[in-house]
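Have a look at this one.
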Amino acid sequence: MNIIETQNLSKSYAEFHAVSGISLHIPKGSVYGFLGPNGAGKSTTMKLFLGLTQPTGGTFTVDGMQYPENRIPILKQIGSFIESPAFYGNLSGEENLDIIRKLLGLPKSAAAEALELVGLTSVRKRLAKKYSLGMKQRLGLAEALIGKPPILILDEPTNGLDPVGIHEIRELIRSLPQKWGCTVFVSSHLLTEIERMADIVGILNHGHLLFEGTLEQLKSTAIKKGYPTDNLEDTFLALVDADNRQSERGCMQ
Amino acid sequence: MNFLSLVSIEFKKIRRSKILLIFFVSSVILWLPSVLNAHLNFEMQAEGISPEHNFMIQGFMGMAWFMFPASMVVGTVLLSQTEITNRGIQKMLTLPISTAKLCMAKFVVLTTLAAVQILIMTGMYYISAAICQRMLDYPFLLSPLFIAKEIGMLFLSSIPMLAVFWMLSALIQTPIFSVGIGLASIVPSVFINNTKLWYCYPISYPFFVITSEYGKLAEHIDTAQVSLFPWIPVALFLTVAAVGISCRYFGHAERK
Amino acid sequence: MTFLLECKKAKRIGFYPALIGSSILAAAIPILNIIIRGEIDVTASKSPLQGLLGANWQLMTMLNILFIAASASLLYHTEYADNAMQKLYTLPIHEGSVFYGKTLFISVMSLLTLTVEFSALAFCSYYWYTPENSFILELCQNFGYSLLLLLPCVVLALLISEFCQSMWMSLGICVVCVFIATMLPTDQFLLSLFPFALPFQMLDTAQTVPYLCAACTELLILIVTEKIAVKIRRSIS
């Protein structure tokens, strides 16, 4: 069963098509890796699910609920982290989480649990503006994880983290479907990251969905098309390159 | 989520902002010259106003003309910049709360800031009046009931003005426009208060109300008096419209 | 060069439309004042220009200093908002060049605002009154005097904004300064020397030289203060 589904979802800004008619199928309880070069439309797609930007075409459902009619019930299901951490610099890490905890109507222990989960307990009293880049990133993640939401939308969650931090967060994301039974929709341009985390991948380029399926399916598709399959990076580059050449030809014609 | 909890969260967001310090400093600056020139209040008896009333009303007029509305423009900047600086607003918009409710909670915070400024100002008035009383051996202190009536009127008349400032802040994303229009709108208040259509301009309400009180207290000074009609219906309409527009467009730019 | 860079940095933040809006609004004051209240009696004044300034200069100056306060806060806000300031400090440029660049920028913009405002005053003088032959000279003298008296206010507003990273804080302090200026009596020399109160002064032959000297001294003091403050900030940060 798919927890998030889109039908020809599009978002255009004047002449620019950020997302062009994509149809995604994100199964419940999976880690869905959303791959694409910078500017492919990954963040825009995620923002569409959160109502941070309005679609110019197509529809989507989250847990069977249609947007925009069910904006609030949809948002109740989702914990999110988009682009870069969002917080109040004049408040401590703990106070920031407390605000979100109260708004979500969660018990007091939820903030402490989220801080513990991302390893910020020791610096919880420090003002968020004084956090290091990695700490801010962890705070952003804690804001997404608080209350164990059934759906997690994470946009480049390991940006700014050191190798140990990247490993920790990757393991955490990987374990969440088993731990909480949640679905994770995670974007990254770090292919090895996605390879190690995701059950299913979606590859986006210039707003078009080039591929959607398991890593095995990706491999067999690549073999059929004659693309390299030694590692995900080569396959990804070949797919994107072919799409770029095709769009260039389209433009010239 | 209950509205009061939302308001308390909004208060939490402006912790450590030092806005109260600005209110306090402005109140000290306002009353200091009044204390230093307290003897001049006796000269105003010729205008039919008692020194203690003159002392009080001159201070409140000074506040209502510029500092009070300008501080409220600063208050709107504080509320909007707190959200924008580290993208807190984006996080808020991804949470399951109604944006209109969020906007209303912020407006309540703004009105509370207005009330706090008036109270700080009143506190400073009592301190200043007490100092003058000792200095000049004349009863400058006025009855708390009278002062409560004056500041109550000042606060109520400021709500439409606050609604307009809040609407500007919600509608206009470029800070210099919302701030610029807000501050520039204070300047013509003196002009507009002298016209018959003063009630169409909410920014001038607090100053108009206090000036008309001055006219009541000073026998020989004629100032325009508040007539409840058409002021109250117009003020109500403008307040509801401004708050409604704010709620409709709050967070709009972040959700385009 | 820093001036041109400041011109570029002020693009798309609403500065230029705000400049135009504020200039037009301030210039409209004398015209609207005559249209609404009827011709101002200038017989008691030395000239129509002095009469017009007497009737309108307080409000026009109020708008000017509010514009300066808001622009100074905004210009530094754009530097701090996305860490551009930090980048500038890492570049091999003189530490004060950003401050001087902004001072020059707002001063030139104030010059433009005053040009629009004095054009409006000239229009009123010619349209409703009969100015004397020496009018242009008188206009230029008043213009230069007002511009010079505005400069300490520009420098102080920028100094406040440079040391307040949050926009509302710098704006708040500037607004308090404007408030102090409105509270101070304009006829008391020492009190009227407060940088935000200085622009309210009009050209008066008896006090011209002392005010000009005071404005120059204030400029010097404020620039030295900025240098010292930057040094202190660097040593404690």
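Going by the order they are written in, the chains are A, B and C; count residues from 1 in each one.
Keep in mind that, in the parts below, contacts are C-beta pairs under 8 Å (C-beta built on N, C-alpha and C of every residue); 3 or more make two chains touch, one makes a residue touch a chain.
These numbers were taken from a predicted model, which means no experiment stands behind them.
**Q** Line, ring, star, complete or other: which one describes how these chains touch?
**A** Its topology is that of a line.
**Q** Looking at C-alpha means, what's the farthest chain from chain C?
**A** A
**Q** Can you give the whole-Å distance between the Cα centres of chain A and chain C?
**A** For chain A versus chain C, the centre distance works out to 49 Å.
**Q** From the C-alpha centre of chain B to that of chain C, how far is it in Å?
**A** 26
**Q** Just the number, please: Cα centre separation of chain A and chain B in whole Å.
**A** That pair's centroid distance is 45 Å.
**Q** Can you list every residue of chain B that touches 2 or more other chains, as numbers and ranges?
**A** Expected reply: 17, 85.
**Q** Given the complex with chain B, which residues does chain A contribute to the contact?
**A** Residue list for chain A touching chain B: 50-54, 72-73, 75-76, 78, 80, 82, 84-91, 95, 98-100, 102-105, 127-129, 143.
**Q** Using the touch definition from the top, list the residues of chain B that touch chain A in their complex.
**A** These residues of chain B touch chain A: 1, 5-6, 9, 12-17, 82, 85-98, 254-256.
**Q** In the complex formed with chain B, which residues of chain C make contact?
**A** It comes out as residues 13-15, 17-18, 21-22, 25, 36, 59, 62-63, 66-67, 69-71, 73-74, 77, 81, 166-169, 171-173, 175-176, 178-180, 182-183.
**Q** Within their complex, state which residues of chain B touch chain C.
**A** 17-19, 22, 25-26, 29-30, 33, 62, 65-67, 70-71, 73-74, 77-78, 81, 85, 174-177, 179-180, 183-184, 187-188, 190-191
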